[in-house]
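Next come two complexes, and both contain chain A; in the first it sits with chain B, in the second with chain C.
Up next, the complex of A and B:
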């Protein structure tokens, strides 16, 4: 591997700007770090170059650990957004700078300079000053300068940011050509997904300091694992659907989507589906559709963009309730059921459309996100408490980042926890922390909840998320929930493994450590979640309580396989009325339900 | 057609007599005349007087006045002080500007205020501070006397006072420049393998050179011309602790007008030279 990052973390004023990033870039690979501004991608690049130190983790170049090696010794080739050419030196002097530092002979320097100028197509420009060159030419010089000393890797920090579209494209091609010719491992940072698609062998998408997903451009586009990647890489409609035995169902209409991956447990549940605008088919009536019908709709907006026609279609029927991601609405509700659709010229000719026309909507291909967190439902014993809970800043922030909605549901039985709920719980149930948290949790779990978020009245966004599960059968689903949640929260994840004290607790240490490592590698491999691990000895509830009180702005994700565990093993956590958010994950253990994997 | 004025309207605007332009150009000339007149009265007239008086008894007497030993000593002292003060303040100015422009630290704004202090404080006070510290009755006076070190009424005092007064010029010039130019070139140099010294001399210094030269020129002009602070600490010992500005005053008080104005004219020539170099630098910077 040319570049290996292992759990690299960089904090700025306490909060992580680069959060547990692990990454391997192969020999000669062109890797693009893609993310919005402030996602930590540039900081990560500077950390690889050695210009920024890291607080935690390891960086290796070609197998050599360089975590504590200075930028000067690392000698990577770095290209800046604003060129950073030495303005008082000529093009030739700029390129020869690194060679002069290395005391190379003048003749050899000249040779290398000529070769580099040929590479970036700037022959004969040796004696110009940077100010006499255009932006595109300056950046070519910067690339040549960065390559002069044959660096182990080439790093490009938004190299096209200051250039206009035409030159950008040309320079893109040059850089890709140079990279192929030299077979040099390259990392490019950008916020432009088109640029990422055009150049990358592999793309890594970053948000909130985390590397969310990493993969080939076509794979990431077709099968994103997270909402963020789905909506950041190209346009996407996010729809809430129910996964049933027969397939995916939007509102009343079943969609026979064959290529949907089976989710764990096989139980019927709410899922988040990704529908690309170009995978939508529009037809005059349901019978004219060649694909699966999902709803009827009305054309609300129509924009001609040259090759494509872009439109927004308002969905009618029950499916209107399924639409959750709309850029203009916060979380959204049924009234914002606008579906983004793009059509090719060919499609436009086959079925010309006008504003206000009603159409039947079909889908060619649908992708279900493997996230267990679909939507939030705020539960309270009356309307007022529901309303209050749904306004909770952390919940609102979480829902808007996840581009999902918050439903309010008042349930009188929540007070006594005796009668069954009026409707089965779907998505994540949210309750306010209080004296009866444990009873309410149990009641929700009995009514079909798989995940419950407990929010104290005053709690800020967590900085440190502790993860724990009661027994192994809850591991998988707890990790899935933790991974999904942590993609939307800028916090550090720590798995706390707890072994009973006494009765040879110390002798169990090797076993405990192995459990931790297994958990860590599973989190990484299956869920793309990077987390630390800690091993404790003692009673689970006490140890967790201690850890939580010691951390600043903590949150707990707790997995159980039996509702009784909440009052038994972990009872102590609920008696005091918690001051931190808690996410309870419940999956019945396999043997008690006999479900298949 | 929606938006924008019609074709007729545009033509009408274009054909309007330049009423606005007429007024504004009149205003322009009035202001130029005003400021020129002001300058003539306040600056050129005194300057002319300096040279006319200095040459009133002919060139011979003019050059004769420079043969006076005390005058030569004053010129020498002024140049010595400048030779010590300017390089010292250049180095400290670069260091201070570097610290302020490149790093974030507590008390940064306090440091910036401190650098500005000598400009805000009256030069006489700056001189008095040193008398208070190192004078016979000062805090360190006795201690210095015991060791036979004289600072006040001697060259070290003059150097210190001048240094204090001229400190801001280099730093003040460099801070905004360095902040504006940023750190990228230095970082590029480091990733290319350059060490700290090489980065400074081959990247940073050439980058800031014109700003630096400008600051040094201003610093030098002030160092040679400083009167107030130096006057307090010098003690006016003829031939020993009088700098050129002080010497001008002494000669004038002795009714040696030709001598006084001859030295003054030399100072003026130095100042004008400085200004010429300054404008050349400014042209070069653009």
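Up next, the complex of A and C:
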């Protein structure tokens, strides 16, 4: 491996800007780090170059650990967005800088300079000053300069940011060519998904300091695992659906989409489906559709963009409820039922459309995200408390980052705790922390809740998330929930493994350590979650309580396979109103066994 | 007019006329008077006054000490400006405003203050005296006074230039394998150089013309610690107006030549940077 990152973490004023990133970039690979501004991608690049130290983790270049090696010694090739050319030196002097520093002979230097200028197609420009060159040419010089000393890897930090579209494309091609010719391992940082698609062998998508997913461009586009990647890489409509034995249902309309990818686990549940705008089919009536019907709709917006026609269709019927976010909205209620659609010229000719026309909407292909967190339902004993809970800053932030909705539901049994719910619980149930948290949890779990978020009235966004499960049968689902949640929270994840004290003590340690390693590798392999691990001895509730009070702005994700555990083993956590958010994950043990393939 | 260009100030004719008038009234007319006065002397008279041993010694002290002070200021002014721009520390704002103090202080006050501090029984002078170093009433005192009044010129010229040195440049040089010293010498210094030259010029010009603070600390011994401006004043007091004008003319010429050459040097190095597109 050319570049190996192992759980690299960089904190800024306590909160992680690069959060447990592990990554391997192969020999000669062109790897693109893609993410919005502030996602930590540039910081990560600077960490690889050695310009920024890391607080945790390990960095290796070609198998040599360079975590504590200075930028000067690492000698990577680095290209900046603003070129960073030395303006008082000529093009030739700029390129020779690294060679001069290394005391290379003048004749050899000249040789290498000529070679590099040929490589970036700037022959004969040796004596120009950078200010006499265009932006594109300057960036070529910067690339040549970065390659002069034959660096182990080439790092490019938004190299095309300051250039206009046409030159950008040309330079992209040059850089790709140079990279192929030299077979140099390259990492490029960008926020432009088109650029990522155009250049990458593999793309890694970053958000909130985490590396969410990493893979070939076509794979990431077709089968994203997270909402963020689905919506950031290309446009996507996110739909809430129910997955049943028979297939996917959108709201009231049962849809037997044939090419639906199955979610593991047999249980009927709410899921998040990705519908790309180009996978939507429009037809005059339901019978004209060649694909699966999902709803009727009315054309509400139409934009001609040359090769494609872009439109937004308002969904009627029950399916309107199913839609949570389209590419250009943040789940605002007014546009919730608007579906983004793109059609090719060919499709336009076959079925010309006008504003206001009603159409039948069909789906060619739907991808179901493997996330257990679909939507949030705020539960309270009356309207007012529901309203208050649904305005909780942390909940609102979570929901908007997950581009999902918050439903309010007031249920009297939340107080009495014995009557059945008026409707089955779906998605994540949210309750306010209080004296009766334990009873309310019990009631929600009995009524079909799989995940319950307990929020104290005053809690800020967590910085440290502790993960624990009562027994192995809760492990998988807890990890899935943790992975999904942590993609939307800038917090460090720690799995706390607890062994009972006195039961063999030291002899238990190897077993405990293995449990931790298993947990970590499963989180990494199955859920793409990087977390740290800690082993404790003692009573589970006490140890968790201690850890939680020691951390600043903590959160707890707790997995159980039997509701009784909440009152038994973990009872101590619920006796007093907690001051930190808690996510309770419950899967009855026989079901979760079935979920393991 | 063919070279009329759009501008936010009204009337090219008006502004040009005003500039010419102002420059004439403030600069050109007094200078012309000085030259005319000098011209009334005979050539041999002029030569005698200008090359008088006492005058020669005063030129050496005036220009030599000014040069030395401006050089010292360039070094320390650069370091101070660097510290103020690159680091955040408590009291930074306070130090930043203290830099301007020599601008505001009456020069006589700073001269007296320096004398008190550096005299043999002063705060600092008492520790220097056993080492055999005398500051007050020697040429060293002159340099100290000129350094004090010249410092803000360098700091204020260099500060914005340092702020403009992109960190990326230093990062780039570091990844290319340059050590700290190389980065400073080959990257930072050349970038800041034009501004540093401006600061040096201003500090030097100010030092050559300085009178108030120097006469208190210099002791004014003829041939040893007598600066040219003082010699001019002495001649004026003796009603030797022509002699004073002659010395003034020499100072004027030498200053002009030196400033012009510094400016040319600076223009040459700035042309290499060409306001640098971006």
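One rule holds in what follows: the second predicted complex is superposed on the first by the 574 of 597 C-alpha atoms of A that agree within 3 Å, B and C clash if a C-alpha of one lies under 4 Å from a C-alpha of the other, contacts with A are read in each partner's own complex, and residues count from 1 in each chain.
Definition applied: contacts are C-beta pairs under 8 Å (C-beta built on N, C-alpha and C of every residue); 3 or more make two chains touch, one makes a residue touch a chain.
Source: prediction; values computed, not measured.
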- Between chain B and chain C, positioned on chain A by superposition, is the outcome a clash or a fit? clash
- Task: Could you tell me if A:71 is touching chain B, chain C, both of them or neither one (first, second, both, neither)?
- Result: both
- Task: Using the superposition on chain A described above, determine whether A:131 touches chain B (first), chain C (second), both, or neither.
- Result: second
- Message: According to the stated criteria, A:51 is in contact with first (chain B), second (chain C), both, or neither; which is it?
- Response: both
- Message: Taking the superposition on A as described, I'd like to know which of chain B and chain C A:162 touches: first, second, both or neither.
- Response: second
- Which of the two partners, first being chain B and second being chain C, lies in contact with A:82: first, second, both, or neither? both
- Task: Once the two structures are superposed, pull the chain A residues common to the chain B and chain C interfaces.
- Result: 49-51, 70-72, 74-78, 80, 82, 84, 86-88, 97-98, 101-102, 145-146, 148-149
- Spell out the part of chain A that touches chain C in their complex, as residue ranges. 46, 49-51, 70-72, 74-78, 80, 82, 84, 86-88, 97-98, 101-102, 129, 131-132, 135, 145-146, 148-149, 151, 162
- Give every residue of chain C touching chain A within the complex, in rising order. 166, 168-169, 171-179, 182, 186-187, 190-191, 269, 272-274, 276-278
- Query: If you look only at chain A, which of its residues touch chain B in the complex?
  - Reply: 49-51, 70-72, 74-78, 80, 82, 84-89, 97-98, 101-102, 142, 145-146, 148-149
- Task: Enumerate the contact residues on chain B facing chain A in the complex.
- Result: 184-185, 187-195, 198, 202-203, 206-207, 209
